[in-house]
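The structure's right below; bear with me while I get my questions together.
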Amino acid sequence: MNEQYLPEASNKKPVKPRTVQEKEAVMNRLKRIEGQVRGIQKMVEDDRYCVDVLIQISAINKALDKVGHSLLERHTHHCVASAIKNGNGEEAIDELMKVIQQFSK
Amino acid sequence: MNEQYLPEASNKKPVKPRTVQEKEAVMNRLKRIEGQVRGIQKMVEDDRYCVDVLIQISAINKALDKVGHSLLERHTHHCVASAIKNGNGEEAIDELMKVIQQFSK
Amino acid sequence: MNEQYLPEASNKKPVKPRTVQEKEAVMNRLKRIEGQVRGIQKMVEDDRYCVDVLIQISAINKALDKVGHSLLERHTHHCVASAIKNGNGEEAIDELMKVIQQFSK
Amino acid sequence: MNEQYLPEASNKKPVKPRTVQEKEAVMNRLKRIEGQVRGIQKMVEDDRYCVDVLIQISAINKALDKVGHSLLERHTHHCVASAIKNGNGEEAIDELMKVIQQFSK
């Protein structure tokens, strides 16, 4: 069902698979963010004050940025570093720069 | 259950209650965002490529910004404008500026 | 000479002219920012370390955001509030929302 | 004179010195940004409309982001890639992540 939201599948995988612990840490954060999104749905339904909803949206953005940054960090330490060592650094760095630019917009 | 994520309750309400249509429009966007958050949970579980997950996180941030902007717009047109007409503009504008600053961080 | 960088002239003016003190406060900040921009020019000429230059660019961005926020605050307190009181609020708020959106991109 | 704005000197240098052409390209952008900053000083002195000044500040921010991104790109292709190849990748990547985080704030 959620598949409709997934970006087009790339066939790539992280060079080093995420460990159970890593997955759990990211999942916990994402579950919390999902709860926060449901929280603001309830706020809107209850006709809560606009500024209170806005503060909450800003908190979700920051939480997403944190997850994003930790994924970016892992990606650079593993996938990008590995590509550089294997002589495929240029492509990996270009891809990295592109996603960083996307985040800063 | 989601209550734990709600910011401290302010007693304020939008000066003009959200109409059923307005609520529906915001709720649809938030439901979609909730689906996107679940989508990236599945991506992490499936050990999908880091950059694909990052692109999706960036899309959620943009979707949240859009919801935030539309709430901000409504808030300014109704709550802030009304406060200004009633001679309580200073406080309402200070509050508005603070929430805008929070978003830009 | 700098005129080439100015956006197309709008005929509008702040409803309440900036006082000498207000102009001075903004000008001091802008002079400091100009100095910072010249500072990074020197850093580039001296082939200084990339990350050091980047940190400085980030500092200039933050300084510009601060000036921007203070101008936005004054604009809302004076121009927007005045337009709302005079029954021209809609247009002033739309313009405000547009410039806020531009900043958040 | 501008030295007061320089961050504390790090002894590091780009692993591959900037070429004359690279320096020129960055300097041209920075000279243009300096002109834009002087442009908004003139706008403030002339008591130009707040929103016009704000649009111009937003343009400078975007121009700085572009310079920053191109420096970041070069830094990653040369300094970070070289550190990774020489077995000092961890430190270089941590530094990179930190400066990216600083930019996103």
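Which chain is which? They are A, B, C and D, in the order written, and residues in each are numbered from 1.
Simple rule for what comes next: a residue touches a chain if its C-beta (ideal position, glycine included) is under 8 Å from a C-beta of that chain, and two chains touch if they have at least 3 such contacts.
Chain by chain, the UniProt names read as follows: A, B, C, D = Metal-sensing transcriptional repressor.
Please read these numbers as outputs of a predicted model, since none were measured by experiment.
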Chain pair repeating A-D, as identified from C-D, A-B or B-C when over half of the contact pairs by residue number coincide: B-C
Centroid spacing, where centroids are CA-atom means, of chain B and chain D in whole angstrom: 31
Separation of mean Cα positions, chain D and chain C [Å, integer]: 18
Sites on chain A at which at least two other chains make contact: 65, 72, 96, 103, 105
Pairwise touch network: line, ring, star, complete, or other: ring
Chain B - residues contacting chain A, complex: 1-7, 9-10, 12-14, 17-18, 23, 26-27, 30-45, 47-62, 64-65, 67-68, 71-72, 74-75, 79, 95-96, 99, 102-103, 105
Contact footprint of chain A on chain D as seen in their complex: 65, 69, 72-73, 76-77, 80-81, 84-85, 89-90, 93, 96-97, 100-101, 103-104
